[in-house]
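Here is the structure we will look at.
Chains: A, B and C, in written order; residue numbering restarts at 1 for each.
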Amino acid sequence: MKSGLWHDALGQLRGDRAAMASLVVLGTLLIAAIAGPAFVGFREDEIDWANMAASPFEADGHWLGTDRLGRDLLVRTLHGLRVSLAIALAATLVSLVIGVAWGALAGYLRGRADALMMRFVDVLYALPQVFFVIILTVVFGRGPLTLLVAIGAFGWLTMARIVRGQALALREREFVEAAIVGGAGTLRIVGRHIVPNLLGPVIVYATLTVPQVILVESFLSFLGIGLQEPLASLGNLIADGAAEMETAPWMLAVPAGCLVLLVFSFNFLGDGLRDALDPRDR
Amino acid sequence: MSAFAFVVRRLLGAIPTLALIVALAFLLTRLAPGGPFDEEQSLPPEIRANLETAYGLDQPVHVQFGRYVAGLARGDFGPSFKFRDFTVSELIASGLPVSLTLGVAALGLALALGIPAGVWAALSRGRAADRLVMTFAVAGISVPVFVIAPLLALLFGVWLRWLPVAGWMPGRPSDLVLPVVTLALPVIAYLARLTRGSLLEILRAPWIRAARARGLPECAVIVRHALPASLLPVVSYLGPAAAAVLAGSLVVETLFGLPGMGRHLVQGALNRDYTLVMGMVIVYAALMIVLNLAADLVYAWLDPRIRAERRL
Amino acid sequence: MPLLEIRALTVEFSGTPAVRAVDGVDLTVDARESVAIVGESGSGKSQLLHACIGLLAANGRARGSVRFEGKELLGVGHVAAVRGRGIGFVFQDASGSLTPHLRIGPQLAEVGMAAHGMTQEAARAESRRMLECVHLPDVERRLMQYPHELSGGMRQRVAIALALVARPRLLFADEPTTALDVTVQAEILALVAELCREFGMALLLVTHDLGVVAALADRIAVMQGGRFVETAAAADFLAGPRHPYSAGLLAAVPTLAGLP
């Protein structure tokens, strides 16, 4: 029966044109981020003294122009994409692990333990994630590791809520009752029966979490509280571009366009997955 | 339960939340490797020790916490570590009116534009107006504030020269137009989408068909029968909307140079000014709690009438 | 001239798969006459009624001719004027006919004001009178209540009142008692019969319950798969149906139901 669900889901997903297009776009962006810089003739910190702040197609070789210091914009953007993606995926993974573990346990245990665990989630929900992350960066400095841990540490809330809801429902199902009666231990039940059935919603919300993480990180980098030189994410690039907006609009347009494309695609893909895998949400 | 009892109960429930945030913030700042004066290499050790004593940093942690909480009760958030001439309270007091004006105006604008846009889209379903509104909505939701802000500043401030781009002079309302609009845009987009979806769903309800069958004019059906029911999800969204506005204000205030709390917070974060950051976060948390409470109140006021429908 | 004249009515719904709910149906209803359309669930009975007053779902299309008092209802804009004023509608599920967030009084009053341009005072008086006509106890209190504060039977009475406020000449009733307790069903049926007599209305009733037919109908049309398979006077039909499907329907009625 489970294979039937996946089969239907894949079929439905293939029919969702926006989701499919997004998958293609994301795949392209991923390949570009990983392999792209090798194909561009310049390194990201390479300064081309002759071509400062050149617009796209103007200077030879610089397809998307250069920035204020003469660095090739295309390669900088690709590197920015790499950094943004790396942090986003890593932080999402952290959120995933914490969120699934927290939610599954709370949903399975029910009663006081559940109430307590979810109350904790509610408290953290009171304030937008950004504020907590800012506190952490103030305390622990502004490196990528801090950012990763900070975002992951506060991004698991929604995932925990969703997972807990599913776990609660699953616990009532017959096969779990049967396992309990059969004498299986808590961990085994959670691991073998509950978690695999959570896979659907988890995939959906993980996909939808990534763009949120990207936005939080970019937000902070834009303000200067995120990543520092020499590391530059799309957020940093957008900040640089915003400063030069009047004279060199491409410096803003290129990284901003890349970011928007990335976020759009993840959102469309996540929506498509949700329609395909979560029949109730229709 | 009367409204008063409801408010009191929710406020009491919010106290642990606030307390936890205060404790969390305090703990994190005290856990920090190094202190607030580490970056200033020019300080000789004796002066540094004096400063630390003056700020009470040489006391054990729980004593510091106790003093901090006591200070909070008096409205004293401690001194700013970087802006030596100001206390945090003064900085909050100077920034709060600006931020509140910005936030309230943005939310008000969002409600005034977003809901009618959503209604219009729902009523023109499938036609050009609907597609137009929805495309704009998707763009507004997916394009982050820090991309929209520079673009709008460029368009209206620099190219068209219609509106001032930076600075804040009390009494010059045009200063606020760009920041408010920028901050409101994502919320307008979300509200439009939400209202449209909700109204379309309500219009499929059996009692709407029944109202039409009675011969009521279409505009009465929509305004009196469909709209009030479709606004419930919108009210639920008010809490998250306020949160989005709060977070977005950090960018907007920084970019447009508004001397609000958000800009102070960002400065504090850049300077690693612990007390300032903590104080700001606590105020923001308190604001969120109050706003969420207000949203819940409105929902509860609308809800009893629709309780029967919701139970189905 | 018959009050309602339906000719070659066809109702189709687009989608996958496309459905033809009503397939070329003819029917007339004269003034003060009660006609019952009988059939099992899914035979297209409700869609027939919805199509007549232009309240099909968005993906539905009606073709053919439906004339009320000589004027065509399908396609042309006349149908809006007929709703409520010419033809009243009682739905199956009363909870689904009352707007949950409005009180009973205003819901009744607005129909009066919209249909006949009554003043608020006149509309309120009319609302009171209608609730008394449907024998709702404690009228003053009911006017101020919300739908969810009333029981199922009371809600159906209010729904009937709503359908009658504008004084229609023809009443459509779509399974008016199906959603009610058995004990309440007889009362509501009696009420409908009484009101039709009192207000001189014709009745077009849709039901799968032959007991209801026996109580209310002068004529009966049996519907199967979107078509009428038999039409007859009710008494003749109950005595001896001619079509095998109708016979099957009659045979399926448990003998303890309200057959006279």
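Note that a contact is a pair of C-beta atoms (placed from the backbone, for glycine too) under 8 Å apart; a residue touches a chain by one contact, two chains touch by 3 or more.
Here the structure is a predicted model, which is why all the values come from computation and not from measurement.
Per-pair counts of C-beta contacts peak for the chains A-B. In this assembly, the chain whose C-alpha centre lies farthest from subunit A is C.
Of all chains present, the one whose mean CA position sits nearest the global mean of protein CA atoms is B. Each chain gets a centre from the mean of its Cα atoms; for subunit B and subunit C, those two points are 51 Å apart. Separation between the centroids of subunit A and subunit C, computed from CA atoms only, is 55 Å. In terms of their C-alpha centroids, the spacing between subunit A and subunit B amounts to 23 Å.
For subunit A, residues touching at least two other chains: there are none. Within the complex, the subunit B residues that touch subunit A are 14, 16-17, 20-21, 25, 28-29, 31-33, 138, 142-147, 149-151, 153-154, 158, 243-244, 246-247, 250-251, 254-255, 265-266, 268-270, 272-274, 277-278, 281, 284-285, 288-289, 292.
Considering their complex, residues 122-123, 126-128, 130-131, 134-140, 215, 218-219, 222-225, 235, 238-239, 241-242, 245-246, 249, 252, 256, 259-260, 263-264, 267 of subunit A touch subunit B. On the side of subunit B, the complex with subunit C involves touching residues 205-207, 209-217, 220, 224-225, 228-229, 302, 305-309, 312. Across the complex, subunit B is touched by residues 53, 55, 80-85, 88-89, 91, 93, 95-102, 110-111, 114-115, 146-148, 159, 162-163, 165-166 of subunit C.
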